[in-house]
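A, B, C and D label the chains in the order they appear, each numbered from 1.
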């Protein structure tokens, strides 16, 4: 394989706080090691349309603290077609990019995997998603910030009048993974989490109601992982209101605010470590791996493993929530 | 009228951040001037049921920074009946309370007014509501904190991917008053506010759509004052999705998190000033007035004026939003 | 006077949160009214060196929430000389700037005043300083955010172990004005403020010590306005340690962190209103005035009045602190 | 050993955010498993003086989000004497406490170790210190919150005017351990960290100066771990000012504000897990161990190992900071 002299970076999928810290780390580590860096805008879309710009060290100054991603993200149907990827590869060649670093979630890494196979281009993935649902890394970029954002919201809700039989549903992200809802509930001292890993949401609600939510006299807060569509918590609230009119039910839907905000210390340090490691990996000849953290050490995870496997919820944490919400 | 020697305090209606700062200020100012203080729990309910406790200076230590109210609030149907108020007055006499200070919104001050008239009890009101909809005071306790909470949420939403034709609806409180939505929109740099002071919400939405939300290429954020029921923004989103499928619409419903949180500097200073002034007013023989701030000076507003009049939205601010969201 | 078609903007002196919101408002209001806008970098320095760039509406997108100033500030010795101002005026002419809007404090407005007189250039000032020490406006851009930053710091300090006779000095900004220290102390529930408006700092310390700081058993927190040099609180701490060894004294010096941070709702709304009003004022033919807010209405204050007069501390607030820190 | 039926809890040493979450978790897990709980106030002092109170599940409601510790901490000379410990043990017997759980740092666990040996009392330690300097656990309760507090401060400082050759020193805690300074510097995007693990602070400063702090044109931020006495950063600033007058040097000393604040999600989850595990450990017959987290699993670490060993700084992180501050 030829020596890598120029690295392209893109962010793809839903934003996650810390993506900018990762872009900064990749850029600076690359410059530090004598490589050129090219920023690709709007995810795979910019690869297809050629929206690409050289990045110097100063282009990533003062971005480590910013939410979102200066490279933007977008959906890109074209990249899902062979024709689109062909065009993307032509831009890769035109720009002299020798390797591609993709920051994103499951779908983004799948795209990188296919592209790498078709064109024999060294690709590295960085796990960037608030849902924390990538296998092979203990934690993903953005998860810690989103968790703290949820916490901040629930803390505020708990401040309000603690009357009998008031019930708050707080809908959080995590369509397919309950990490945010479960850990958010533990951290916020909430009464319960309704998450996709267990039985249906209606069944989980039924179980909560049948145990009377909570014995104590104050109000109860339940975190609900979002369903296919935003607003599922509204449906649960309707059910409770109809069947148990004695409950005063209130709903908060956090929505996209969970994707924003200045990244936490953890997310910035994680992103910085993974960004530096991505360049090291490329220089050592690794490719088609996701860079992760396991047991506080950098690890390389083949794309297929990171994408195919589900990351399980820790039983210990389910028990912690159960014991502490008595 | 007999000399006042013991003051009762209660908080009523929806919580507002800064209520604790007001409780602290009233208690300490009263103690400073040699009065006794009694805390009444759960609003008028505690008056009816006799849930009343003496407060010393140290009982209000370390609460100035807390959201919610250590006195709790609750709805109280009994106090709306003559029988209930009779029972309340008996507790007032039993506890030796000579004057009552009520912290709350419109409804809470109406209750105080009736009670004061029926039993000739000196009552003082403090404007405590995040909605800022009390006449006779430039600002109410809790409003500034709620505004900053909304701002923080919208800032996070703006961080996320700025793609074409993405539309965010953020539902905020203010059923009858658009202060939070309008000022929140200005402060957050949002595109528009849909508020109750103007035409129907559907009409305001239509107007926004017809002007294309915004000419620029980034996403648009619209703050929506809540309707009778939480979730009205969800209805607006459905309408846009059905009629204008090209828009990618997302909804956040802030709900009760706007009532919580550590109070801002402004709310704490306001609550401290009003609390001190409430005791001064009582000592000078004033009663049945709300203590407000106008032009940065403490003012006394008769209950009937504070309750009956609507506080208007400043035209200047509507214009500021219009000019700055181009 | 000729019609104004192009407006120059600069920020000068110490940064204040909300300066970006003001830059955005001026730019957008100007564009809305058909004017051209030029951003001048590094305060008066950029005027002298010609570091000037045209600003479009999109150049100020997504900056309302940022601390600091995208135009930067710097000290500029050259502008204090006639030669420097001559060069500045040549750049003004070269760029076709018809009027200048300066955002800054006392010193910055003095510069604008002299420049306006010498070259008959319409100048408008916006009060931008965290110290709140400009006469003619109830509040300056940046003050509310700095106050909340101080509050946040003191809240954290109060969380820590409340043991007998522990004494915390927190040094805050405000060399010549005690607004931040006094109002910060009220808002934070601190025991006292040592401010420049009263006797010497050593005398104020002596008075505090002689009254035993506070009767209660918990620790005491004293806010100290900074002296000529940062670190004056360290000197007070040394004095207490030497003379009263029973006190366990700790010092926090907030320093420049008070100048940063995302602006509060109040600061953003204030900056937005003042920015819009600045353009209105120019179009109506006003010049050599500072735009302020008094009693929640926009006012025009002649430069000489804003600069020459001192803004007094409200006696009521000194009393509020005294009563509530018992 | 007799069956454990009643558990005593105390917090000792400097406060750490998350201590309340640990108290809550221990109390609730104990109640859940049928044990009695007694809260001991002011650390070992309350053990000696008998300031002890039974804790029910509701006594720990609504404290998970609070900084500080509801049990207070204090220094206690008496407990360092045999006589003092004898009195402490008498109180233990009088209260019917069968096991003691101590939340604190190095010194606090040393106290527990001696006490456990002398009186054959089952003791469990929980690592509670913002310094993160306990061996045998990847992370200590309070560290993550303190790191984010530092970050927040440095972010604000970076907002301010970025002029040439301005140098900010930010003094952070960590007398004997550079975790906060080093990781804070990485997370904040600072230029350097001066920490106790390396050469003397003066030497580290010399090295920074000789490499010109940073090549780029913006200001430099250096995090400095505190020395024996608060204010060491002031000394470094003086040195730079004297020897290199071209630098405009500013100092921030964070001090005790790093110990306060609402705990982060991480700290609350950690404290909750460790608290539940502490009760499990006692029920399984473990004693004289610190409960830690290693590789995201709960571990039991004998006191002597936790106390005696130093936790090393990761070389990888030193390199990350070096590469990214170019």
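Things worth noting here:
Just so it is clear, contacts are C-beta pairs under 8 Å (C-beta built on N, C-alpha and C of every residue); 3 or more make two chains touch, one makes a residue touch a chain.
Everything quoted here is computed from the prediction, not taken from an experiment.
A repeat of the B-C interface exists among A-D, C-D or A-B; more than half of the contact pairs are identical by residue number at A-D. Our note on geometry: chain B versus chain D, Cα centroid distance of 39 Å, whole angstroms. The mean-CA centres of chain A and chain B are about 36 angstrom from one another, to the nearest whole unit. The distance from the centre of chain A to the centre of chain D, each centre being the mean of the chain's C-alpha atoms, comes to 29 Å. Within chain C, residues 155, 158, 162 each touch two or more of the remaining chains.
Because contacts link each chain to exactly two others and close back on themselves, their graph is best described as a ring. Of all residues in chain C, those touching chain D in their complex are 14-15, 17, 42, 66-69, 72-75, 149, 153-163, 168, 230-231, 234, 250-261.
Contact residues of chain D toward chain A in the complex are 24-25, 28-29, 31-32, 57-58, 61-62, 64-65, 138, 144, 147-148, 150-151, 155, 158, 162, 183-184, 186-189, 216, 218, 262, 264-266, 268-269, 272-273, 276, 294-296, 298, 314, 316-317, 319-320, 323-324, 326.
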